[in-house]
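What follows is subunit A paired twice: with subunit B in the first complex and subunit C in the second.
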Partner chain A sequence: MKILTLNFLTCARKLCKSSNTAFPLHPKEADLEIVETEINVLFLKNIMGRLMWEELKGVVGELGLPDLPPTPPEPETLVETKLQAPEGDNTGLNIEKAEVPSQIAKDLHRVLLETCVKEGKLVCGNCGHEYAVREGIANFLLPGHLV
Partner chain B sequence: MLPTPSTAHVCFDHVYEPAEDSFLLLDTLSSPSETAFLHSRFKQTSFQEGSNETCNSSSPLVLEIGVGSGVVLAFVAANASNIFGRSDVLTLGTDINSFACKDASRTVQTATDEHCPTPFFDIINGDLASSIRSSCIDIFLFNPPYVPAELPDLSRHDNYNTLPMGQTSTSFEQDSYLLALSYAGGADGMEVTNRMLEQIPQILHPVRGVGYLLLCAQNKPEEVKQHIRNWGSRWMAETVGSSGKKAGWEKLQIVRIWRETSK
Partner chain C sequence: MSRPEDTLPPDLFYNDAESRKYTTSSRIQKIQSDMTHRALSLLHLTRPSMILDVGCGSGLSGEILSASDAEGTPGGPHVWVGFDISASMLGIALEKEVEGDLFLADAGQGVPFRAGTFDAAISISAVQWLCNAESSEESPAGRLSRFFNGLYASLRRGGRAVCQFYPKNDEQKRMVSSAAVRAGFGAGLLEDDPATKSAKTYLVLTVGGGELEGDITGVVRGMEGIDVMDSRRRAKDRKRGDERKGSRAWILRKKEQMERKGKVVKANSKYTGRKRRVIF
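For the complex of A and B:
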C-alpha cells in the first residue's frame, strides 16, 4: 500500500471516528518496497491542495524516510524548463524548450506513489488497534467485538 | 465505446465475475449525459485563478466499494479523461474478500499501465467504507450485493478470507461463502446497501461529492431514492441509467446521489 493512501484512511472503529488521534494511522514494523510507476506531474500539482501535509510528513518521518519540506511545494516548483533536442534528433541543431519534472517532483513521486508498505502493521493512535498489511493489502476488518 | 478492462487473471470461483450489473455501471458512467455532468462538476481550473478555485482544481478521488474483479474501478481509471475530462484522478477501492482485493489490484494496475498513468492508490480489505477518512470522497461507486437472499454467516469470515492452512487452493464451501458475500443482500436485498447509505453523507465531499449506486427492482428503488432525499433539502437522488426493461419495470438501475450546490 502506498504512503499516499494513508492520507485518506482512519481507524475503522466507530468509537474512534470522533477522535483526532485516529488519523493518521501509524506504520509499525513496516517492510517497505519500491514499485515504480510513471510520474504524472499534473496529478502531483493538483493533489497538493487536498493533502493533510502535517500528517503525511509525520508518517514519512515515522518510516525513517527523508523528511518532506515543511509546507507543500508550490505547483510551479514541480516542473522545470530544460533545453533539449527533440526525441530521436541527434543532429544537435534543433534545440527546444521542454517542461520536465523537477527534482522536487521526482522525490515526491518516489515517496508518495512508489514507496509501498509490503508487510507490517498500521496502528490507531486512539484505541491502539493494529491493522495488518500483508502482500501490500491492508486488512481493516474488525473482529466482531470491536465493530 | 470505451474498452472494457481485462479480467482474465481473476479467479471467478470466489470473486464476482463481471455481469450485466457491472456493465450497466460502466455504460452509465460513460454515457453522454453522465460524462457531461461529471466534466462540469470536476472542471479543471487554472492555478492562476485564485484560491477560491482550489476546491474545483484539486485531483478528484474515486472510491469503489466492493470492487470484486476490479473491472469498474479499472474502467474509470483507464478512461478518466473521457469520463471526467481530466487524467489526474485517484482511484481507491475496498472489498471484504481478500482474494478480490488481490485480483482487483492487478486489474486496475494493468488497465492504468496500458491506457493512462492515472494514479492508482490501493485496494483495501475492509467492511464498506469504515476505514475511509470523512468528507474526502469525490466520486463514490457501489454495485452492492442486491439479491434478496440470506446474508452469509460472517462469523466464518476470518477462516474463509485466507487460504486454508497449508493449502494452495480454496475449498468449495469457502468459494460459496465468498461468492455469497458478493450477491446476497438480505431482506429486500437492501441490508448491506442500507448500512452503506448510512456512511455516505460522512464520506462524500460536501461540495463535489457524487455517488453512483446500482439497485434492482426488488430493492424498491423509488423508496430508496426518497430515503436519500429525506437526508436534507439539498440531497438529490435520480435514476440515470437502467437495463432489462420488462413491461415498464426496470430490472436494474443506477441511481446518482449528490447534493445540489447552493447558488
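For the complex of A and C:
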C-alpha cells in the first residue's frame, strides 16, 4: 500500500467516524518496499491540495523515512523548464524549452507513490483496532460485532 | 440460468477456481473492458485523478484506469484504490501486478476513507451483491445505505461515481438508486441495449458543489422518487430523428457502435514486470 493511500485511509468502525484520532492509521512492524512507477506530475498537481501534510509527515516519521519539508511544496515547484533537443533529434541544432519534473516532484513521487507498506499492521489511534497488511493488501473486513 | 448472487455469498462464490476462470475468460475480459470504458466516458475525467474501484475483483477495470490518455483512458493515467470482498480475486490482481492499492473489504460495511478523498469512483458488476444480506443482523437496505453514505462522503465535491450493476428486477433497481439518492447523490439510471439479453444498467451519481455541475448533472439531477430516468437514450432518439433501420444514418451509427465495441485494450500494463526493491 502506497504512503499516498495512508494519507486518506481511516478506521472503518462506526464508533470512530467522528473521532479525530481515527486518522491517520499508524503503521506498526511495517516492512516497506519500493515499487517503481512512471512519474505523473499532473496527478501530483491534482492531489497536492488534498494531502494532509502534518499527518503525512507524522506517518513518514513513524516509518523511519527521511523528513519531509515543514510545509507542502507549491504546485508550481513541481516542474522546471529545461533547454533540450526535441526527442529523436541528435543534430544539436534545435534546442527548445521543455517542462520536466523537478527534483521536488521526483522526491514526492518516490515517497507518495513508490514507497509501499508490504507487510505489517495499521493501528487506529482511537479504538486500537489493528488492520493486518499482507503482500501489500490491507484487511479491512470487520467482524460483525465491530462494524 | 440462476444468478450467482442467489447461490452463495460473494467471497465463497469467487473462490480460487471461479476467480481464475472469470479473469482468464476472454469473453468476460471483453465485456468488463467495454463497460469500464463506458463508465469512464460517463465520468468525464480530464486529468489524472484519484479513483476508487468498488468490487475491483482481479483488476480488469484497474488496468484500464492505469492506462494513459493516448492508450484510450480519458484523463489517464489515473491512480486508483480498489477493494473487494474476495481474497481469491485480489490474489489474481496481485499476480497481475496491477498498479492500484488493494483492500480486502466489504462495501456493505462502508468506505473507510476520509471525506473528499476521491475525484471519482467506479464499480463494475458488483453492487447487485449488496442486495443479498450476508447475515440476519444486516438487511440489504442497511448495507446499501452504509455503502452509499460512505461513498458519498469519500468523494470530493463535484465528484462523480458510475456503478454498472445487474439488478435482479425493477424493485432492486429502485432499491439501489433510492439508497444512493438518500445518501445525497444526484442520481440517474441509464440503460444500454435495454430489454435485450445484454442489457446493461449504469447508475450515474454526482456530488453537488463542484465545477462539474451543469454538464451531465443535467441528466441526473433531481431524481428523487423517479425510478428510471433514461435521458441518454431519449437524447439519442431525438437526435436520430426518423432514422430508419438499414438507412445510411443507421448503418453509420451501427458501424460506430461496432468500432467502439471492437476496441482493443491491452491486457497488460506497461508496468508489468517493473522493478521491485525492498527497503529498510
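By our rule, the second predicted complex is superposed on the first by the 147 of 147 C-alpha atoms of A that agree within 3 Å, B and C clash if a C-alpha of one lies under 4 Å from a C-alpha of the other, contacts with A are read in each partner's own complex, and residues count from 1 in each chain.
We adopt the following convention: contacts are C-beta pairs under 8 Å (C-beta built on N, C-alpha and C of every residue); 3 or more make two chains touch, one makes a residue touch a chain.
The structure presented is a predicted model; accordingly, all values stated were derived computationally and were not measured.
Asker: Using the overlay on subunit A, decide if subunit B and subunit C clash or can fit next to each other.
Answerer: By the criteria stated at the top, subunit C and subunit B clash after superposition.
Asker: Give one of first, second, both or neither to describe whether A:S19 is in contact with subunit B, with subunit C, with both, or with none.
Answerer: In the superposed model, A:S19 contacts neither subunit B nor subunit C.
Asker: With both complexes superposed on chain A, which partner does A:P75 reach: first (subunit B), second (subunit C), both or neither?
Answerer: After superposition on chain A, A:P75 lies in contact with subunit B alone.
Asker: Output check: A:E36 vs subunit B and subunit C. Expected answer is one of first, second, both, neither. What do you get?
Answerer: second
Asker: May I ask you to decide whether A:T115 touches subunit B, subunit C, both, or neither, giving the answer as first, second, both or neither?
Answerer: In the superposition, A:T115 contacts subunit C only.
Asker: Report, in rising order, the residues of subunit A that make contact with subunit B in one complex and with subunit C in the other.
Answerer: Of subunit A, residues 1-2, 4-5, 8-12, 23, 37-38, 40, 42-43, 46-47, 50, 113, 135-142, 144, 147 contact subunit B in one complex and subunit C in the other.
Asker: Any idea which subunit A residues touch subunit B in the complex?
Answerer: So the residues of subunit A in touch with subunit B come to 1-2, 4-5, 7-12, 17, 23, 37-40, 42-43, 45-50, 75-76, 113, 131, 135-144, 147.
Asker: Could you list, by residue number, the parts of subunit A that touch subunit C in their complex?
Answerer: It is residues 1-2, 4-5, 8-12, 14, 23, 31-38, 40, 42-43, 46-47, 50, 52, 113, 115, 118, 135-142, 144, 147 of subunit A that touch subunit C.
Asker: Where on subunit C does subunit A make contact in their complex?
Answerer: Contacts found on subunit C: 47-50, 77-79, 81, 83, 85, 90, 94, 99, 101-106, 109-110, 112-114, 116-117, 119, 135, 137, 156, 271, 274-280.
Asker: Where on subunit B does subunit A make contact in their complex?
Answerer: Result: residues 44, 47, 54, 57-59, 61, 86-88, 90, 92, 94, 96, 98, 101-102, 105, 117-119, 121-127, 130-134, 136, 154-155, 157-158, 161 of subunit B touch subunit A.
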